[in-house]
Amino acid sequence: MFSNRRSLRIEWGDCDPAGIVFYPRYFAMFDHSTVLLIERALGMSKHRMYETYDFGGYPSVAARARFLIPTRYGDDVIIDTSITEVGRSSFSLAHRLTKDGALAVEGFETRAWVVRDRRGGLRAVPMPEDVVEHFKTG
Amino acid sequence: MFSNRRSLRIEWGDCDPAGIVFYPRYFAMFDHSTVLLIERALGMSKHRMYETYDFGGYPSVAARARFLIPTRYGDDVIIDTSITEVGRSSFSLAHRLTKDGALAVEGFETRAWVVRDRRGGLRAVPMPEDVVEHFKTG
Amino acid sequence: MFSNRRSLRIEWGDCDPAGIVFYPRYFAMFDHSTVLLIERALGMSKHRMYETYDFGGYPSVAARARFLIPTRYGDDVIIDTSITEVGRSSFSLAHRLTKDGALAVEGFETRAWVVRDRRGGLRAVPMPEDVVEHFKTG
Amino acid sequence: MFSNRRSLRIEWGDCDPAGIVFYPRYFAMFDHSTVLLIERALGMSKHRMYETYDFGGYPSVAARARFLIPTRYGDDVIIDTSITEVGRSSFSLAHRLTKDGALAVEGFETRAWVVRDRRGGLRAVPMPEDVVEHFKTG
């Protein structure tokens, strides 16, 4: 399945008074990794996706993480993201954030492929076949 | 002119490793105060504004702040916001964040009344008369 | 066990270009609810806790959430937080974020009671007896 | 004087429901640029600075920005940061965020060199001579 790697430096503003990353920020980092992975998998920007597919985005329906080693301002970390499962109207991803080769944070997300209904709500629908194909092909 | 007051507690996640508010967060607090003030001034939600006025929002074109006294997690602070100037297509606001009665942060913003042009850009246009009226009436 | 309720309004800056809350922000909301609950349970501020207990905080070791109904700018929501389990050196919490009475987001966290070791790392240690007592008494 | 350039991609989570960067996020971007510039100017990490100089950091005492062109998710932007003035106990910086060569946001900050006083407050003190020297030497 498709995967993606990026490196980033932990910013001062990502950290809390205990000097470690404020954990919601890890989910923000994972979200960006997910967006980048999907853009690469489909070969188009998120803007372009909205034009190409008549859809309402791919919001998270579930997310979780385990925080094993704290990271701090200035730490250079690597995030490896991969699609782990492709369903009919949803797909799952795993994120591994490592510091000096050691697993620091492990994250998992399930995303739904949605359309907007008339009242502004979001409803999961089957993913287009080419999207499924691209996600499955590494 | 119109003004608004709200109190809030500084959150752990607002603060940095030095134990004080990460200053971009003050601008986020001021932004929310601005949104609340405008809703009250016009007597409608921001969603409703988009329906009522055929416009693209009131983004900041300039913002500044002075940080006089640091605030920390758990501090209860008050933000007083007021419209200080109403122009043809823009208006200005001032924010005073106080802690135990002392001025801790002072902020200023200029907002433009914009429409989206064909290419997705934003262009300032004259504000509707009733908006000007509401802003000027305290 | 101890529980806590607070209401809050979704802010413009909490939301993403799809118009719904950027999901890492829910974890930030839950974090603040946890801090408030613990302060109430122990009857002291987080600052005071650091002075009273010779410890390094209660960081999350695991967090997860399910996103059932999207929430948007201006929505008034309620977050109910409760301690669900108290172990020897860790405890768990559940958060229920509701909108108009409907469950919109459900969150779970496990927090460890830690000390800092010599190299700046964090190590879980048994929680003080009075803390356990307070957490168990609603 | 010292200057620094970095490029970054606007993230989905940096943007608001209007689809443009939530402006407090620009200040967070500028803050990170400032931290990176100072690390390079002094040839040491912020952690190391705290060990080398007996001080309490270099918090912002004033910040301002002008928002000229909106930026959106996926935009690749460049931030050029330079020290513009070095005083006795404070220094100033300018940030220019450009998109496709056009100035989109212009930011200015004044930072104080502080020590913590006995009550936890922050007090500006003269900067060490070698710091002044490094800041002035490009």
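When the chains are written out, they are named A, B, C and D in that same order, and each has its own residue count from 1.
In this section, a contact is a pair of C-beta atoms (placed from the backbone, for glycine too) under 8 Å apart; a residue touches a chain by one contact, two chains touch by 3 or more.
As the structure is a computational prediction, the values presented were derived from the model and not from experiment.
Participant: Chain B-chain D contact: same residues or different, taking over half shared as same?
Facilitator: same
Participant: Tell me, please, which chain's centre (mean of its C-alpha atoms) is farthest from the centre of chain C?
Facilitator: Of all chains, D has its centre farthest from that of chain C.
Participant: Quick one: report the Å distance separating chain B from chain D, using the average Cα coordinate of each chain.
Facilitator: 23
Participant: Let me have the rounded angstrom distance from the C-alpha centre of chain B over to the C-alpha centre of chain C, please.
Facilitator: About 28 Å separates the centre of chain B from that of chain C.
Participant: At what distance in angstrom does the C-alpha mean of chain B lie from that of chain A?
Facilitator: That pair's centroid distance is 32 Å.
Participant: Which residue numbers or ranges of chain D touch two or more of the other chains?
Facilitator: Answer for chain D, listing residues that touch two or more other chains: 12-13, 18, 22, 24, 28, 31, 72-73.
Participant: Can you check the complex and tell me which residues of chain B touch chain D?
Facilitator: 18, 20, 22-28, 31, 56-57, 59-70, 121-122
Participant: Name, in rising order, each residue of chain A that touches chain B in their complex.
Facilitator: 12-13, 15-19, 22, 24, 72-73
Participant: If we count contacts the way the header does, which residues on chain A are in touch with chain D in the complex?
Facilitator: Those residues of chain A that touch chain D are 11-13, 28, 31-32, 35, 45-47, 72-74.
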